[in-house]
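Next come two complexes built around subunit A: one with subunit B, the other with subunit C.
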Partner chain A sequence: MTNISLRNLTKVYEGTKEPAVENFNLEIEPGELVAFLGPSGCGKTTTLKMIAGLHSVTGGDVLFNGERVNDIKPENREVVMVYQNYLLFPYMNIAENVGFGLKMRHVPKDEIARRVDEILKLVKLEGYGPRKPNQMSGGQKQRVALARALIIRPKILLLDEPLSNLDAHLRDEMRELILTIHKEFDVTTVFVTHDQEEAVLLADRIALIFEGKLQQFSRSEDFYERPASKRIADFFGNANYIAGEKKDNKVATALGTFAVREDLKVPDGRVTLIIRPESIELGKNGENSFETKIARRIYMGTYIRYRIDMDGAFWDVVGDPHYNVDYDEDKTAGFTLPKNKIWLLEGDK
Partner chain B sequence: MENVKQNNSRNALLFIIGLGIIIGVIVPIVPQLVWAVSHRWAFPDLLPEAMSGRAWKYIANPNSKVLSATLNSLVIAICVTVISILVGVPAGKALGMYKFKAKGAIELIILSPSIIPPLAVTMGMQVIFIRMGLSDTIFGVILVHLIPTIPYMTVSMAGVFANYDPAYEEQARSLGAGTVKTFFLITLPTIFPGIVTGAMFAFLISWGQYILTIIIGGGRVITLPLLLFSFASSGDFTLTSALSIIFLLPSIIILVITSKYLSGQSSGMGGFGNI
Partner chain C sequence: MTNRARVSLLLAPSLIILCVLFFGGFLLGIMQSLNYMPMIGLDSPNFEAYKMMFTDEQFFQSLLLTLWISIVTTVLVIVLSIVSALALRNTFVGKRLVNFLYQFPITVPYVVITIGTLFLFSQSGSVARIAYNMGIISDQSMFPELVNDKFGLGIIFVYVWKQVPFIGVIVLSILQSMGNNFEELARSLGANKWQSFRHVLLPIIIPGILPASIITFAYTFGSYEVPFLLGRPYPAVLSILAYRLYDNVDLNARPEAMAMAVFMTAFLVVLVFLYKKLLNKASGRD
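After this line comes the complex of A and B, so read on.
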């Protein structure tokens, strides 16, 4: 199994000034399933292509198991990239497409045929070998592309937006297939997505990228509970903020003073307090509770959502799904911020 | 139901187009076919008075210039086609796929020979060719035929490459194909239909060229169109018809090839597949 290290990886495309990827540092464990997550144009594909050797690097290094591979040609890297638009070779049939990589490795014909059948079975396309790509649906093409990549048993599998061309139903199926394959082949896998939910559902760890810069690389829980910036917190669902002054594990804000965990490594001074709408408790339950006005009560079907007035700003609060507690609009109500759900960022900008 | 209806109207359309082709292309050839083997064919008669193989005997006679003119035409057209491919494919790739400085200007330079009438260009070139000793030579004729064919080839290849997705090559590389294999297994099959079409038309442009040949060839380089023209003006219908049949042959062959080739799925990932 292969580990991937990116060291100060940088890419500036010819004729452009701004780097598409800037100073990436990343360690991907052998056999890990990692998501590159970020908005369109942030450099996800560019990074994948540098790992695959399809784009040269402008600066920094790509290492597999500690060995620098910058100068190794893509055909010799044992890294396969699967593209969003499948790229099945149109004049080859499905079996020829899937067997392409083995043919390049001079595997005997009968062995290719056997392994193609085997892998088509794995992606549930048994018997589709003689078809042409234009006789396949989008979901089927995607599975052919996956089979074509896996048949050579690559060290690293790179998937560029594997789900974004599929409709919701197929997406679920494909997700399952990716997980199954990842388990079965034990291959270090990086996939690209701009859908945070997809990243959370599939990945062991997520690399969040904004404008060519790696923002945070961690387990998905950390993005919710320990975001490195306001922007990251916003990218992963909703977040509520209030500025304050931290001193001795207490934060003084316009709405009162809140106790925070001792293990938060934020120095005393100006801070931003962050809490998720679903972490706020209804009612005054001792420490860290306060009263404020309900500005809006929004019925969401499975639960009720409140917008509460926080000294001019508004916070979102997810209400009780069982409707045991139900506040009216324009009334004052109590809320509690559980101490262990509060996260702090340095500074109050 | 919907589908059947659509198919019917499509078939009708194809039938009308086919009929048009037959009337426009094939019917005019019929009298020539008859003329080519007739001895005398006076006006009101439906068929010639007597048949004769005179024209074909003349054509087969080594002293008649017909064989050498055909050979000249063939050699010139083949050379022109090959050179057009060698220049037009890379130039078309650059124009179709890459952005670079002064691209607009280069595009204009490449296209200018087909915007300005070639005759005007050739008149000027003749002077230079005479000085360089290129006029009256086959080589000079080949060069001058390139004036219309290279822009043609370049523009049609630019169209092919504009639709071409280089990611296919990347995909092949990442599956283990080296650059050479990638070219022969991926790039070439993709652009091949485009090259074939461009090449066939480059061949035909050269094959049918009269004015450029006579100006630069100075009447010394005799090609089929030149011969055909002189027979036509001499009023020998039998011989003229026989020659026109030879002259038409490549067009007919190419028509058949293109219609087969381009209507299939062979246009691949780029090329005419998306047009």
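After this line comes the complex of A and C, so read on.
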């Protein structure tokens, strides 16, 4: 199994001044399934292609198991990329497509045929070998693309937006297949996505990238509970903020003083308190409770969403899904910020 | 008015011209090639003209030369257009200027480049004179025969110069529309640069190149003015040989001229049919 290290990885495309990827530092463990997450044009596919050797590196290093591979040609890296739009060779049938990598390695024909049959069985496309790509559905094409990549037993599997061209039902199916394959082949896998839900569902860890810079690399829970910035918190769903002054383990805000966990490593001074709408409890339950006016009550079908007045700013609160507690608009109601759900960021900008 | 009737009406002017001028002329040609020219007393059709043509050594020498020029030109045009398109696909300083210069020959009339070639590359031309003045050759007659030569080099040069940008632009647009992804994918699957060109790029480009190369071949096979100016009187290419017979003061030579014209047309029709079969195979429609 292969470990991937990216050290100060930088890419500046010819004719541009701004780097597409800048000082990217990352350690991916052997056999790990990592997502590169970020909006379009943030540099995630560029990073993927630098790992594959398909794009040259402007600065920094790519290392596999500690060995620098910057100068190793893509065909010699044993890193395979699967593209969003499948890229099946249109003039080859499915068996020829799948066996392409083995043919390039001059594997004997009968050996190729045997391994193609095996891998097509694994991706549940047994008997589809003689078909042409234009006779396959989107989901089937993606499975062929995966089979074509896996047949050569790569050290690293790179998936570029593997689910984005599929409809919702096929996405679930493909997600399962990727997880099964990852488990069975035990291959270090990196996939690119702009969909945070997809990243959370599939990845062991997520690398969040904005404007070519790595923002945070951690488990998906950390992005919800311990975001490194307001922007990250916003990228992963809704978040409520209030500025305050931290002293000891309390934060004094315009709405009162809230107690926070002792293990938060934020120094005393100006801070931003963050809490998710779904983490706010309805009713006054002791510590960190307060009362405020319900500015709006929005019926969302499976739950009620409240907009509460926080001294001029408005916070979102997710209501009780069982409707045991239901507040009316323009009335005052009690809320509690559970201490263990509060996260702090340094500064109040 | 039905849609079909409207389409027929809109197409009618061009179809009438095509039918009268092309098919009418072609039919007349076939009749004359069969020795049917009542105005000079030939009123019993036969295959004499074809017999004469196929027993005429000059015809075979002309056919050979015509095929040589057409095949070499087509192959060179295909190879050079692919190579140039691959180079032009990259980003480099001065690309706009290079692009302009590359496409410039498309706008130059054949007769201009043909005469230009004659002035430049004949043994009394500018290049031979420069070589002589620089002492590279001691006599202008030592300059290699590049025009009016037995291999038709000057003719091939003109065709290649004119046609490479024409097919190159087609190849370039195919390459640009497909992007680099197929090649990148092939490389990541273990193909080296040559393998990725041979097994991935070429099969994708070929269906786009084939129709254009048919046009190149057909044009080269039937063209008149370039070999007239840059070729040798003997052997001459088929179009010149046919025209000479057509222009002969003896009207009895005309059936053979027409037989040659019909042969050239039939040859190209068969060729187009075979190319089409090949094209279907290349695009995976068979």
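Points to keep in mind about this one:
Here is the rule we use: the second predicted complex is superposed on the first by the 349 of 349 C-alpha atoms of A that agree within 3 Å, B and C clash if a C-alpha of one lies under 4 Å from a C-alpha of the other, contacts with A are read in each partner's own complex, and residues count from 1 in each chain.
FYI, a residue touches a chain if its C-beta (ideal position, glycine included) is under 8 Å from a C-beta of that chain, and two chains touch if they have at least 3 such contacts.
Please read these numbers as outputs of a predicted model, since none were measured by experiment.
Placing subunit B and subunit C on a common subunit A by superposition gives a clash between them.
Once the two complexes are laid over each other on the shared chain, residue contacts for A:317 go to neither subunit B nor subunit C. In the superposed pair of complexes, A:148 makes contact with subunit B and with subunit C alike.
Legend: residue contacts after superposition of the two complexes on their common chain; A:104 is shown touching both subunit B and subunit C.
When the two structures are aligned on the shared chain, A:69 is found in touch with neither subunit B nor subunit C.
In the superposition on chain A, A:14 makes contact with subunit C only, while subunit B stays out of contact range. Subunit A residues 15, 49, 52-54, 73-75, 77, 79-81, 83, 85, 87, 89-91, 100-101, 104-105, 132, 148-149, 152 lie at the interface with subunit B in one structure and with subunit C in the other.
Listing the residues of subunit B that touch subunit A in their complex gives 99, 165, 167-168, 170-178, 181, 186, 189, 265-266, 268-269, 273. Those residues of subunit A that touch subunit C in the complex are listed here as 14-15, 49, 52-54, 73-75, 77, 79-81, 83, 85, 87, 89-91, 100-101, 103-105, 132, 148-149, 152, 158.
Per the touch definition, subunit C reaches subunit A in the complex via residues 91, 181-182, 184-192, 195, 199-200, 203-204, 282-284. Subunit A meets subunit B in the complex at residues 15, 49, 52-54, 73-75, 77, 79-81, 83, 85, 87, 89-91, 100-101, 104-105, 132, 134, 148-149, 152.
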